[in-house]
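There are structures below to look over.
Two complexes come next, and they have one chain in common, chain A, joined by chain B in the first and chain C in the second.
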Partner chain A sequence: MAVATRAAASIPRPGRKAERGRVLGASPLEAALYVVPAAFLFAVFILLPILSNIVASLFSARGRFGLANYIQAANDPVFRVAVENSLLWVALSLLLEIAVGFALAALIELYLPRGQAVFRTLLFLPMVITPSVIALVFTTLYAPDYGLLFGLFNWLGLASYFPALLGTPSTATIAIVAVNVWQWSGFFVLMYCVGIAAIDRELLDAAAIDGARGFSRIRALIWPLCRGTTVSLVVLGTIQALQQFPLIYLMTEGGPANASQTLATYIFQTGFSENEMPYASAIAVVLFLLALALVAVEYALAGGGISLAARPRDVPG
Partner chain B sequence: MPSWLQRAGIGLALSAALATAAAAAPVTVTLWSWSPVAPTMKAMVAAIEKAHPDIHIAATIEPHTAYFTALKAAQASGTLPDLIGLPPGAYTQEYRPDLQALDSVAAGAWGADWQKNFAPALLTQARLGNPKGDTQFYMLPEEAEVLNLWYDRAAFAKAGITAPPATFDELVSDAAKLRKVGFIAFYQGGGTGLFDNWVFMQIAAQTDLADLLAAENGKPVWNKPGMLAAAKVWQRLFSEHVVQPGALSALQYPTGANLFAAGRVGMISLGSWWLQETHLSTNPALATMSGYGKFFFPAVTAGGSASPPLGGVDIGWGITKNAVKSPAVEAAAKTVFKELISGAGEQVALDQLNDLPAFNGMKPTQALPAHLQALYQTYIAELATAHPHQIGNPVIYNALAANLQAIGAGTKTPEAALAAVQKVAESQAAN
Partner chain C sequence: MQRGRAMFRAERRGRRAALAVLIAAAAASLVPTIYMVDISFRDSTQSFAPVLIAPHPILRNYAAVLATGGLGRFFLNSLIVAAGSVALTLVAATLLSFAIERLKIRFGRIILLIVLSALLLPLASLLIPITVLLSRGGLTNTWLGLIGPTAAIGIPFATVILKEAMAAIPDELEEAATLDGASSLTVLVRIVTPLTRSALIVVAIWQFLYSWNEFFLALVIMTKNAYKTLPLAPLYYQGPFMTDPGKLFAILTLIAIVPMLFYVLLQRWFVGGLMAGGVKG
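Up next, the complex of A and B:
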């Protein structure tokens, strides 16, 4: 409570008379003028393309208005695979990135006496590597016959057991998700490090006096206090997973046999390879709605809290 | 001298200098393509610019996928370059509204009877997909290609194989021998559908040529018995371990070609363009092709023959409507167009053995080693009788690739896979 009061007191408040009809000290007209540039850019570069895409999705290749593209999607088995894979991407990526990110962040922030910055930097490094390079490296790493992992299996006398991860429909998506997790976990670590570092030391000390130590301290105190960070990362991770294109395209092109196709790659295939732009627009609308729905659900489940730092009301009572 | 006279004199001199500079400045022609490979295109550009000092070519060469993505964006934004590289069929048709009709351009370049300079099959492919009644050309071919299988002679010798396989059973047993001595027996870049389709089409050319050619033109005949027979042979490539494990995620370029050049692969499906390695490599076995031999897909039935040659246009050029931005640019674009197909540009490409000439009478100027000369001459002869190798409709093309991959992965039977392709083809035909 004391923390909450301090936080509230720190926000400068104009006097009551001055406050009426004003936004952060500016008149409504001034406020509107401040908003206009951003609103204009948002309208031109975000809203307009979305609306024009929705309109394009309502015209068939022959120019007829209707829901033909959406009906086609409903009957398209590849579209179904793409939706399933997109959802699998979100679930798997989030689960693994949050688990790995939080575990490593807790280890670094709570148990490493020194060298924290070095570890954070090393873990963040994959984030600054371009996806095309990562895709090339991991494609070679996974490759049967000449890949690095195959070499290891061969050395152990297990060459005949080496799985063709990218060449097998049942494992292709999981193999690419693993690469995505490798790349993005460092970002999750960094965000959780910020979240943990922002926890009031007094709380940790008080918990320690009450006997909270080791895993129970992490489970009962640190993890709930990082709730705001988790919610933010879930939203960011969902959008990132749904948007993922380069790794999939460069590693499998959505194959084999469309097994690793996601909505993002299927939009590209139908729009750019098959010249079916109206159909691709319809798939893009579905992806947009799916992202909106997922984020809305996540936001509702999380009670609307999005923050990278621990908040006073997150303290377990 | 009065000062006003001095100023006028200086002004006149400056104007004259500027006018001279403007007259001397070369006209810039923009050109985009995915082929020929960048070093070859750079040399081609240099040769054309040397022959025409008044023309500057701003050439951009991108990998296949990146190129067509950029081209689509440029088309949508009305910023297509003056000249674009195109394969025949679906791609050319997609850009047809933005391309100039070339009959009068060709007549201006090579005379009224210009069509005699190209093999009829290549001209037929160049117009593939034109609307009924439209006899114009919107692209004309620069280079042609023939599809085939290549083998590494050293790998074969090490495995105790004395000649390329003549039957499918020999292909299976040779693959086992190659694997036994540590080679990738038959590298298949199944991750990119192009080479899946081409291997299948080479098999289908044996089992049902007539339906294959009809299917290439959009006729829904994928469920015919001959096509099914080809799909079953394709399945055996995987079930009998002829192709390498993980083939369905492997890339023909650059991985497969690099492994083949490095001596790790016994056999691979490529084509006449593999000869370009003679110019790109310093390895003697590649530089003279003495280490490599070619063959067609072996007979899949007892007493049958190997696949007939498939091939046709590799790359052609179209002049966009944007090139009419000024008479000077349009004239320069037409000059470059001619040089790319039958002049200094194509000569450079041929001297680097980039691929086979589409224009009659063009040939490499340098003396080739005997083995290489024999390979080249064989290709020229095969091209004259080659059957088309392009699927005109990109939706059918993708459906075939995905379903061939499903057969290879074992997730679909040949019957189910071809039924799926047939359904797509019927739907496209109905549209």
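Up next, the complex of A and C:
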């Protein structure tokens, strides 16, 4: 129904001003007053920090201007590990969250005659639990000798194969990414549910008459119609994966031996634990640029033309 | 006829398979939480048992934890920060969205673009300068020190949702009010705000959950125990209860139960608001 009103609203009616929605006049002063609260918060807590961060990154700890902090980063093996892990976080999280999110949402919206809300809520619940609580619960769940996962291995007779997931460099990052995916998949499910529910029912019925059923209907019809949702979720998931901090900090502190360090945890470690603020600022600038670069690439791959907001209604024709 | 019946059967099979997959997924989603709650009911002889549900549950951990009384302070700090953050985000984003979408102010599109670009900003890249700024301004270890940044971070998403909801309001309603001599503020309060209620609820729920659970900023801004919020409580109790997980997990359960109940009770409005068109371009 919302689709119909929306379409109707966008049809220009004869005898109306070309510009829609400008009924109210506002003097420049009045306009400024409306913008001031948001602009103030934004300037103080977002813009000013970005700028001061860039400036701080260009001065060495002794106050000399130059690229010393960036050169230090280029030669820092831990920094390289952090970049690689951050990229791994983005790739793994996105792949799993999009796949799980879309598949479960399609099942909920297209195959359940009732009870959709129950599943959407149960799957979303991990999203609302405080991350520091989740970190401690999963640290126990992963623990060798007494954790729940060890119990499962033991029950299957595989106890001697159980790895110390968080204590082994090669598995630490993947084990924490799994927690992140566990937490965020429900959000992806909900967003895809919103996207699928917004698809015109008549379009689906017409496709059914044309013989599009089951898996082919999902692949050839539903998935392309959710493109707008997918692009928004890819961008959002990228930023989320890059800024994940509490899980890593509380589960491994970036260890063992910096193996699970990401840019987010490395900024904290260099800036606060090691008190090297200028170096940490340079890493923060790199993180910021990496986020922009990744989103630019994703945007280009999606073919452009999509705004930042989720847009589940890009129905062709 | 024959073909129709076969299709019907296939559809029913599909539904059963879908239900089975969804039940498995929901179980996977719930198991860690069930595990957490169960450990909170274990005594120290059972707390390290590698099972989902241990025998002989006890309530003693909760009695012991509540008797220490320390959680109240964390809870109060969280409540003040979340309430302040939600209020500030709602007011600031509503005024901004109204100016851009209904008043069509000059440079509105540029302002919108700048605000939305913050959605591409990983919080970690702001952490150090925000901390430096707050300590210079004397705002570390104050509620406002956490309310301000979380509100600012919430504004872009809130603006996306509210601007979109305001775009759907027909001009005629405003025209009628303007002819009656109403000021733009009257129109905002009397006409626009009531019509965007479901979007405002979506923003309020999201911002509450975000600010309630915020850990990274709280960790560096609230260094004194008197101002710590609930997400920092596990860190605080982890040491003393290291050898007695039952008590630690009673605390974790108490912390987790608040946002879970909050969401279960309000999810109808959250999902309803999203479905009604909160999130669309």
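For this structure, a couple of remarks:
The rule is simple: the second predicted complex is superposed on the first by the 264 of 317 C-alpha atoms of A that agree within 3 Å, B and C clash if a C-alpha of one lies under 4 Å from a C-alpha of the other, contacts with A are read in each partner's own complex, and residues count from 1 in each chain.
Here is the rule we go by: contacts are C-beta pairs under 8 Å (C-beta built on N, C-alpha and C of every residue); 3 or more make two chains touch, one makes a residue touch a chain.
Source: prediction; values computed, not measured.
Judged by the touch definition given at the top, the superposed model places A:Phe272 against both chain B and chain C. Once chain A of one complex is fitted onto chain A of the other, the partner contacts of A:Ala300 are absent, as it touches neither chain B nor chain C. After superposition on the shared chain, chain A has more residues touched by C, the comparison being chain B against chain C.
Legend: residue contacts after superposition of the two complexes on their common chain; A:Thr168 is shown touching chain B, with no touch to chain C. In the superposition on chain A, A:Met251 contacts chain B only, with no contact to chain C.
In the superposed model, A:Leu122 makes contact with chain C only, not with chain B.
Touch criterion met: A:Ala61 reaches chain B, while chain C stays clear of it.
Of the two partner chains placed around the shared chain by superposition, neither chain B nor chain C is touched by A:Leu29. Contact with chain B, but none with chain C, is seen for A:Val78 once the two complexes are overlaid on the shared chain. Of the two partner chains placed by superposition, chain B and chain C are both touched by A:Tyr146.
Comparing the two interfaces of chain A, the one with chain B and the one with chain C have residues 145-146, 272 in common. Against chain A, the residues of chain C that register as touching in their complex are 7, 10, 14-15, 18-19, 21-22, 25-26, 28-33, 35-36, 39, 48-52, 88, 91-93, 95-96, 98-99, 101-106, 111, 114-116, 118-130, 132-133, 148-149, 151-153, 155, 159-160, 164, 167-168, 170-171, 174-175, 178, 184, 187, 209, 212-213, 215-216, 220, 230-235, 238, 245, 248-249, 252, 255-256, 259-260, 262-264, 267-268, 271, 274-277, 279-281. On chain A, the positions that touch chain B within their shared complex are 61-62, 78, 139, 142-146, 162, 164-169, 172, 251-253, 255-259, 269, 272-276.
Of all residues in chain B, those touching chain A in their complex are 68-69, 72, 90, 94, 184, 190-193, 244-251, 255, 259, 264, 394-395, 398, 401-403, 405-406, 408-409, 411-412, 431.
Note for the complex: chain A touches chain C at residues 2, 5-6, 9, 19-26, 28, 30-31, 34-35, 37-39, 41-42, 44-46, 48-50, 52-53, 56, 100, 104, 107-108, 111-113, 117, 119-138, 140-141, 145-148, 150-151, 154, 182, 185-186, 190-191, 193-194, 197-198, 213-214, 228, 235-236, 239, 242-243, 245-246, 250, 263-264, 267-268, 271-272, 277, 280-281, 284-285, 287-288, 291-292, 295, 306-313.
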